[in-house]
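The same subunit A turns up in both complexes below, where it pairs with subunit B and then with subunit C.
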Partner chain A sequence: MVLAVAGMTFLVLPLAGLLVRAPWSTMPERLAEPQVLEALRLSLVTATIATAVCLVLGVPLAWLLARVPFPGRRLVRALVTIPLVLPPVVGGVALLLVLGRRGLVGQWLESTFGFSLPFTTAGVVVAEAFVAMPFLVISVEGALRAADLRYEEAAATLGASRWIVFRRVTMPLIAPGIVAGAVLCWARALGEFGATITFAGNFPGRTQTMPLAVYLALETEPDAAIVLSLLLLVVSVAILAGLRDRWVTSA
Partner chain B sequence: MLRRLSRWAVAAPAALALVAGLSACGSDDAGTAASASPAASSAASSAASSSALTVFAAASLTETFTELGKTFEAANPGVKVTFNFGSSATLAQQITQGAPADVFAAASPATMKTVTDASMAAAPTTFVRNKLEIAVPPDNPAKVDELKDLADSKVKVALCAEQVPCGAAAIKALDAAGLKVTPVTLEQDVKATLTKVELGEVDAALVYKTDVLSAAGKVTGIDFPEADKAINDYPIASLSKAPAPDLAKKFVDLVLSQQGKDVLVKAGFDAA
Partner chain C sequence: MGDERVSGHEPDPGHGEPQLRAHLVVERPRFRLDIELTAAAGQVIALLGPNGAGKTTALRALAGLTPLSEGHITLDGRPLHLLPVERRPIGVVFQDYLLFPHLSALDNVAFGPRCRGASKHDARRTAGAWLERVDLMEHAAAKPRQLSGGQAQRVALARALAVEPRLLLLDEPLAALDAHTRLEIRSRLRRHLGDFDGATILVTHDPLDAMVLADHLVVIENGGVVQQGAPAEVARRPRTDYVARLVGLNLYRGVADEQQVTVGDVVFSVTERMHGPVFIAFPPSAVALFRTRPDGTPRNLWQARIEGIERHGDNVRVHLEGPIAVAADITPAAVADLDLTAGQEVWAAVKATETHAYPA
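Coming up: the complex of A and B.
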């Protein structure tokens, strides 16, 4: 009990620090600055798109890992968790080496389409999706493995096609796992800093997400950094609390 | 019993956190800076302060100061010099927040002012000056040869963020030339900006002459006349809360000596 309480205090104390040290008197003017709202808007939009990308790519991948026995499955499962282990800046460097203007794939992108990912909003989405995808894959894979196969088998024996089985039996069964994974994925994408600043750079309105704005504000104006941090915190907590029931309930 | 307890057990730490925060709010900034550092500085001083020197220096001083550090260690056997290189603005913030350091060498008077305003440094001395240069990848894909080319929208330019010294200097130089340049990225320190050029991700960047020289072969430098209008003076100071004040003074003396000057000028700095 004591340890649990200590753990909660450990997590809550920094929030208290932010609240207490915030420059409440100048808060309204600071919040009205266009750069602040731009960074917030960009953060929310890119995190949501990155989560969508993770869902589209991650759920099928989780299915593959959970349901399809293939040689090297354990290796692939380990590889999927690499972005979790990799320091985000290293992830950003790796992305540059592959998708940068002179990168393995990026070179081809540049010469064929004249388009390169670094320094674009799309680049921010790529960086965020890269670091956040493992959360979704692991969560959904866990849910798939825990789901009782007998329901699916029963549906199949009753004549349902594989797609119907997936859509009307499997998905509802693993829905809490998907939602939990998506929420973690979104939260991780929102807070991403290292990979974003390395791969997508930093430019207000285009690639300057909230974490980047906070870091730069901290260099000269700690008060502004506190305001930005508080804003991000409030918005994140509001959204996560709104999904609270779904998130905490497991499959 | 547990259920009744748990409600209090949950509320108590939250209340505690708030109370602790409020009481910390009561003391002024200097007080909290002092209370933040006792854990750090006592740890540093207990670790035999007379044999360890911590120097916070601007990223652009990486190669030169590392060399001077080795010289210092050779001249003072038993002393270990540790460097923290980074954006001067970040380092200044760290120092004012209580990070243990003996010496601070900044890339601009403005970032040093952050530290002196917080009364944490003795009178700073300018020891070198640094000029900006245009850095391009060796193959110069965008065929950049003067400052004007950076204003071309087809050229991808990386600049330092204006909060850091090289960014402030870049803005001054561009203003002096009457140019409007829209970069693709504003990096948080000069080395990060240089890396973008080395990787070929941008066509040009405004970095220090010293950075171009340190990346010899990986980037090409192009001088431009307006650089003279935006020279950065680098101040150095020993810090008032230094765990090793004697060593700090010795190191500053080394940097200001002819030997120090030679190392710095060789790397491309201008003598102060």
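Coming up: the complex of A and C.
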């Protein structure tokens, strides 16, 4: 009991600290600063695009892992979850080595399409998606494993091809798992720092997301860092709560 | 039971190839299903058997959900077993219906026509017509969890029939219903099966469902066919203990010599004249019990011990052990008169006119 309270205090106290130390009097001006809004906009946009990318690539991957037996499946599952345990900075370095200007794939991208990922907004999305995708894959794979396969059999007897079964039966059945996975994925992308700063750098308006702005502000102007942190906290809590309510009412 | 259906659609080899002809072999560890099935257009075949006999496996094999180890399925002269599930012209009603929980009743029924190429509008119109036929149009917008068991069963039937299948497969279609709903749904189902012009295979472990709904029974035990025939025929002449129990008869294997059948130490006199191995069957109600040896012929008479007494409908069922194990139904008054208790020695007799002997 004591330990539980200690645990809760440990989690809640820092958040309370943010509220206590916040420069409430100058809050409106600080929030209205173009740099703040720019970083917020960039964070929301990149996290959302990264989540979309994760959905497009992650759901089929989860399906493959959950439903198609193939040799080395356990190895693939382990590889897919590596970004969960990998320090994000290491992820960023790895991305640079592969997708950087002189990287294995990056070189080819640049010579073929004249297109380079590092230090661009697209690079931010790549870094966030890399770090956040395992959350989605694990959540969706769990939902797929728990789903009743007999509904898919019923759909097949009605003439549904594999793709139609997936789109019209499997997807709706695992929707709660997909939503949960997407929310986790989005939250992880929003807070992503290490891989982003390593792979995409820290250019205001282009690759400087909120977490980077917070870190930078802490060096120069601690009050601004608190404001940015609070803003990030409020935005994530608001969006998660909003999604949750929508989900609960529609379920 | 079911006598009025005997004149229905018996398989008629004179009228060319039956619509469905199948030899189903499914090998599993410690289990092998190996049965042959034929069905004419419009005919309803019931696969009857105890749990684990292989009924559902046979149905899944017909649907293509379980691959055949060997054998073939021919429907309308074409090899069905070569087609994937989604291209087979079948409709399946699953035991717990498996209505898609996220779709309305109407969209559940429209799912099949839509998958088979109908436009959204046409599929919904077809679905509406089918819901009309099962009297559920007012529940078209309801989600499956808002439907009662009987309503869900009717939606499942409409969904299976809406694709205009050539072969209808029903897996325990009434098992999930309570007794009252079952009665109503059974007669509705019978009407819809009567209207359906393709072949129907019905899996059930309930003899009443099988008798009422089917033209032809196929009894399966341990993966093989042990008896088949018209419902009345199967009910009158059971050939295994399982079937005898289902139809409520005492069944023994014996040896006949003229109008006399010997089963172990007991000799029965019967009305049929036969020789060699026979079955002899008689209902529990044909057995009379006595405290002392009754006078007269020693035939159809044996000494037994009461193993147990239980209530059975309006009567009392007495289980007897001795030279043969027999169930006897007597009135509660008779139990009181004879002062019967478990463990007691009694004499049992059965009237010759109530026994029925037939070749084994």
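In the analysis below, the second predicted complex is superposed on the first by the 235 of 251 C-alpha atoms of A that agree within 3 Å, B and C clash if a C-alpha of one lies under 4 Å from a C-alpha of the other, contacts with A are read in each partner's own complex, and residues count from 1 in each chain.
What we mean here is this: a residue touches a chain if its C-beta (ideal position, glycine included) is under 8 Å from a C-beta of that chain, and two chains touch if they have at least 3 such contacts.
As the structure is a computational prediction, the values presented were derived from the model and not from experiment.
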Combined model on subunit A where subunit B meets subunit C, clash or fit:
fit
First (subunit B), second (subunit C), both or neither: which does A:Trp63 touch?
neither
Please indicate which partner A:Asn202 is in contact with in the superposed arrangement: first for subunit B, second for subunit C, both, or neither.
first
Using only CA atoms and the superposition described at the top, report the least gap between subunit B and subunit C in Å.
30
Would you mind listing the overlap between the subunit B footprint and the subunit C footprint on subunit A?
none
Per the touch rule above, subunit B residues touching subunit A in the complex are 2, 5-6, 9-10, 12-14, 16-18, 20-22, 24-25, 87, 89-90, 93, 114, 156, 158, 161, 163-164, 183-188, 196, 199-202
Sites on subunit C touched by subunit A in the complex
63-65, 84-88, 90-92, 94, 98, 100-103, 111-112, 115-116, 159-160, 163
Quick check: in the complex, which residue numbers of subunit A touch subunit B?
1, 5-6, 8-9, 12-13, 15-17, 19-21, 96-97, 100-102, 116, 118-119, 197, 200-204, 207, 215-216, 218-220, 222
Could you list, by residue number, the parts of subunit A that touch subunit C in their complex?
148, 150-151, 153-161, 164, 168-169, 172-173, 175
